[in-house]
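Each in structure tokens, the structures are laid out below.
Presented sequentially are two complexes of subunit A, the first with subunit B as partner and the second with subunit C.
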Partner chain A sequence: MSVLQVENVRKEYDDVLAVEDASFAVEDGEFVSILGPSGSGKSTMLRMVAGFESPTSGDIRINGENVVGVPSFERDTNMVFQNLALFPHLTVAENIAFGLKRRGVGREEREKRIEDILEVVELSGYGDRDIDQMSGGEQQRIALARAIVNEPSIILLDEPLASLDRKLRQHMKFELQRIQEETGITFLYVTHDQEVAMSISDRMVILNEGSIEQKGSVQDIYDRPETRFVAQFMGDLNAVTGTAVDQSENTIEVEIDETAVTVPYDDTSAVSDGDTIDIGVRPSHADLVPPSNGGIMSGTVTNHIYAGDEMVYTVDIGQEVFQVETETDSFEIGDTVALTWDAEQTFLFNGGQNVSVRDEHAVQLEG
Partner chain B sequence: MLLLFFILPLLYMVWLSFHDGMPPASLTLENYLNVVTTDLYLRVVWRTTVLTVQTTALVVVLGYTLAYSMARFSKRTTLLLLLVILPFWTNYIVRMYALINIFSRDGLLDWMQLVTGLAQEPSGIMYTHTAVLLGLTYVWLPLATLPFYASLTNMDDNLIEAAKDLGAGPIETFFTVTLPMTKNGVIGGIILVAIPTFGAFVTPTLLGGTDQLMIGMVIENQFTEAFNWPFGSALSVIVSAFVVLMLLIAVKFGAGDVVTRRSDTQ
Partner chain C sequence: MIPNTIERFVDRRGRTIGLGLMWVVIALLWIPIGIVTLMSFAADRALAFPPDELTLHWYREFLQNDAAIDAVFTSLQVSVIATLITVVLATILSYAIAKYEFPGKGMIQLVVTLPIIVPLVVVGVAMVLFFGVINVGTGFWSVVIAHVVRTIPFAALIIIPTMLRFDETLEEAAKDLGADELDVFVNVRLPNILPGIVAGGLLAFTISFNEFVYTYFVRDTRTETLPIYLWNQIRFEASPEVNVISVVFLLVAIGMILLALAITNVQRITMR
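== the complex of A and B ==
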């Protein structure tokens, strides 16, 4: 049985629709991220699971039991808040003991569990410190320990890494993953940071404007985004717009500013001739060649920057600029170049929907 | 400036309290002995202490409840805050006469008690302990509500959610998180109320009269009518000692930052 089942949950504030018909499930021991831009309803979603908000309609089940209407202090969930919300008037150990005391765990057992969890988060011996004596990263781990020590069915994390600097975030990201694996507790992590979500989650739920755009494994969502929004949110994406002019058995011809581009495609029902089509290409899947070598489209280099071991070129192709990440460093600003890309790695969007996704690959995560 | 307007008068008062008449006169401890050996003055000090404790307790409970509901439940906080502060802009004496009207025989209080059947006969509560207590509470309530409100709004609401998330019900959350987090505001409010109540003389004079003598009234009397300035000074020194004691207790309870005005939250 799933630890958490969210079924057709809808949340309205006055006349604002925050979450619309969301359904997903989280299995025991999984690390699932709810990923979306700010205002997408992801925090509201988490707060409904925690019991701070009630859904307007729909069910939320924890271990099969509907918890809608159950107050947060009676739910088998614990939250790690974005600002951590550690109690400044209590010591590190007292903070961690807070939940255990409320659950009536005896003193001896409490002390043992606090000691154990401090070891897990690598803060042994810091129990008597005041909260404001601890650094930002240490406070993160205390907040995590305060939630985990209660051994809830699911830990809810509301972007707790957002306030950290990049280096510390990288470190805490792996700490989170290690602690989750070590304790085996189910994590539901809310973030707008796709890079963090991708590197630590087993599965992701992508939320946009209150609706779930896609849910599935990290690999799946990155390689086979169902919509243009997901493709753009999961990483840099160039999108060139054109018109479908001709279809054959496995390809479709798209005319972009009088250039015909052929894209592999096998679902003849999703596109009609004359439809406006966006072709999506990730910068890492594109390359530049001298114009004499042909290429798919031509353009002019307008900028180039070093990014470690590769170059990022900005190429003006008329309607839009196109980013290319490549190892080649032989082009200068103003050069006319030919663009190529790996045809197998392109996305084809018709009305925002990715129609290049083949059905047998679209592994879905049902609620 | 500090020396001229604060320290010198204080020193003069202390110096005066050890004389048996206006200087030049001989030094004596008689003024203090007089206070501790005269039944009347002991009773006055005792009544003042009781009224101070009662007023402070009442103001803390009422003021905190008011501040809490404004901070946590209300959407029209500005309007409510204005209503709380409004009495301050009204003349003190006018407010006192309003209270006299309410407390007098056949006043508003009597009328309400008769209408609701709580009392059969109009009696009024003027010149009683209750009248002074209610009067003092009424006067100081806004003063204490403001620091309570400030400390409550300074508190991070997430802390309350965190407590609930960790299994604490509403009452447990209040006593384990909200109250400790607003401790400084509460101590600040207590100081703001207890100190002026201990030295109060206008309110008890108007509402309590000679039946409800408080130490401030006796001091005023010694200076303006009995013209026994040294004795009045001795009583004033006692009041000042009480003030210093209150502040020391407050600092002892970890509210040193109230006095130095540090923020309530980390």
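== the complex of A and C ==
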């Protein structure tokens, strides 16, 4: 049985629709992220699971039991808040003991569990400190320990890493993963940061304007985004707009400003001739060559940035600017260049939906 | 525009000017108190400054004066009871303001604090009439109620902002960890707003202990608070005992502050 089942949940505030018909499940021991831009309804979703908000309609089941209407203090969930919400009037150990006391855990057992959890979060011996004596990273760990120590069915995390600087965030990311593996507790993590979500989750739920755009494994979502929104949210994406002019068995021809571009494609039902098509290309899958070498399209270099071991070129192709990440550093601003890309790695969007279904590729990934 | 030379002078001497003004203000506040304290030790019956001779005579007189000691205890009783009632009411009021949304919420703070500007005598007369109409009459409890009416605006003025500064996610965190409403209030909210409540209570107590006008209207003859006793003394004969009573007021105030510092955290009080 799933630890958490969200079924057709809808949440309206006065005249704002925050969450629309959302359904997903989280299995025991999984690390699932709800990923979406700000205002997508992801925090509302989490707060409904925690019991701070009630869904307008739909069911939320924890271990099979519908908890809609059950107050947060009677739910088997614990939350790590965005601002941590540690109790400033209590010590580190007293903060962690707060939930245990309410669960009726005896003194001896309590002290043992606090000691154990402090070890897990690498803060042994800090139990008697005041909260304001601890650094930002340490406070994160305390907030996590305060939730985990109760061993709830599911831990809810509301972007707890958002306030940390980059380096600490990287570190805490791995710490979260380690702690989740060590304790085996189910994590539901809400974030707008796709990089964090991708590196720590088993599965992701992508939310946009209150609706679930896609759910699945991290790799599945990155490699096979179902919509243009997901593809763009999961990483940098260039979108070149053109018109479908011709289809053959395994390819489709798209005309872009009088240049015909051929894209591999095997679903004849999703596109008709004359449809407006966006070709999606990730900057890392594109490359630049001198115009004499041919290439798929031509353009002019308008900017280049040195980014560690590669260059990021911005190329003007007469539409939206096109970004290319490549090892070559032989082009200057103003140069006319030819663009190429790995045709197998492109996406084809018709009306925002990804139609570049490549079953062979999918089978390979799952096998 | 202010001439440049003045601007320059202020820029250069800003610290000196600021400190100087600060000492002037402090002097204005404390010199009268200092003189009264000094005069309480004066031997002469007639008030002459500076005193020729210093003595503890008037303190002995005060301590042997049953009427004066009774007035001190009556005042303490009235003020302690009134302060407790005021603090509880102001805390409940600010709790509602901080936690719930309701129509007219924005006006509440104004409505609660505005009575401060109504002339005391007007309210005093109104209270006598009101207590008469509802058959409570005058007496100890009328004085207590009058003091609550007088002190609530001041206590609310301090407790409301403290309550609004309370981080409401702490309440969510506590509930998430299994605490119900009462548990949250007692074990999370209260400890975090205690400095504000103590400060509000302190102000309420001080105002109540000094309250004269309302008390004068609604008291009966048996209920003689210290300010009333002092007033009667001054009216009939201005003996130096009056100065001693002023010092008693000062000592009570200092005692309250020390008590407040002892039951809360010194740092927090000064911070807020």
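Keep in mind that, in the parts below, the second predicted complex is superposed on the first by the 357 of 367 C-alpha atoms of A that agree within 3 Å, B and C clash if a C-alpha of one lies under 4 Å from a C-alpha of the other, contacts with A are read in each partner's own complex, and residues count from 1 in each chain.
Basically, a residue touches a chain if its C-beta (ideal position, glycine included) is under 8 Å from a C-beta of that chain, and two chains touch if they have at least 3 such contacts.
Since this is a predicted model, take the numbers as computed values, not measurements.
Enquirer: Based on the superposed arrangement around subunit A, label subunit B with subunit C as either clash or fit.
Expert: clash
Enquirer: Touching A:F81 in the superposition: subunit B (first), subunit C (second), both, neither?
Expert: It touches subunit B and subunit C both.
Enquirer: Please indicate which partner A:S72 is in contact with in the superposed arrangement: first for subunit B, second for subunit C, both, or neither.
Expert: A:S72: touches subunit B and subunit C.
Enquirer: Taking the superposition as given, does A:H89 touch the first partner, subunit B, the second, subunit C, both, or neither?
Expert: Both subunit B and subunit C are touched by A:H89.
Enquirer: Which holds for A:D132: it touches subunit B only (first), subunit C only (second), both, or neither?
Expert: Only subunit B; A:D132 stays clear of subunit C.
Enquirer: Taking the superposition on A as described, I'd like to know which of subunit B and subunit C A:Y13 touches: first, second, both or neither.
Expert: Neither partner.
Enquirer: Applying the document's definition of touch, where does A:F174 land relative to subunit B and subunit C: first, second, both, or neither?
Expert: Touch status of A:F174: no partner.
Enquirer: Just to be sure I follow: which residues of subunit A are touched by subunit B in one complex and then by subunit C in the other one?
Expert: Of subunit A, residues 50-52, 71-74, 77-79, 81, 83, 85-89, 98-99, 102-103, 146, 150 contact subunit B in one complex and subunit C in the other.
Enquirer: Which subunit C residues qualify as touching subunit A in the complex?
Expert: It is residues 167, 169-170, 172-180, 183, 188, 191-192 of subunit C that touch subunit A.
Enquirer: Name, in rising order, each residue of subunit A that touches subunit C in their complex.
Expert: Residue positions touching the partner: 50-52, 71-74, 77-79, 81, 83, 85-89, 98-99, 102-103, 146, 150.
Enquirer: Would you tell me which residues of subunit B are touching subunit A in their complex?
Expert: 156, 158-159, 161-169, 172-173, 176-177, 180-181, 183, 265-266
Enquirer: Which positions of subunit A touch subunit B when the two form their complex?
Expert: Spelled out, the residues of subunit A in touch with subunit B are 50-52, 71-74, 77-79, 81, 83, 85-89, 98-99, 102-103, 131-132, 146, 150.
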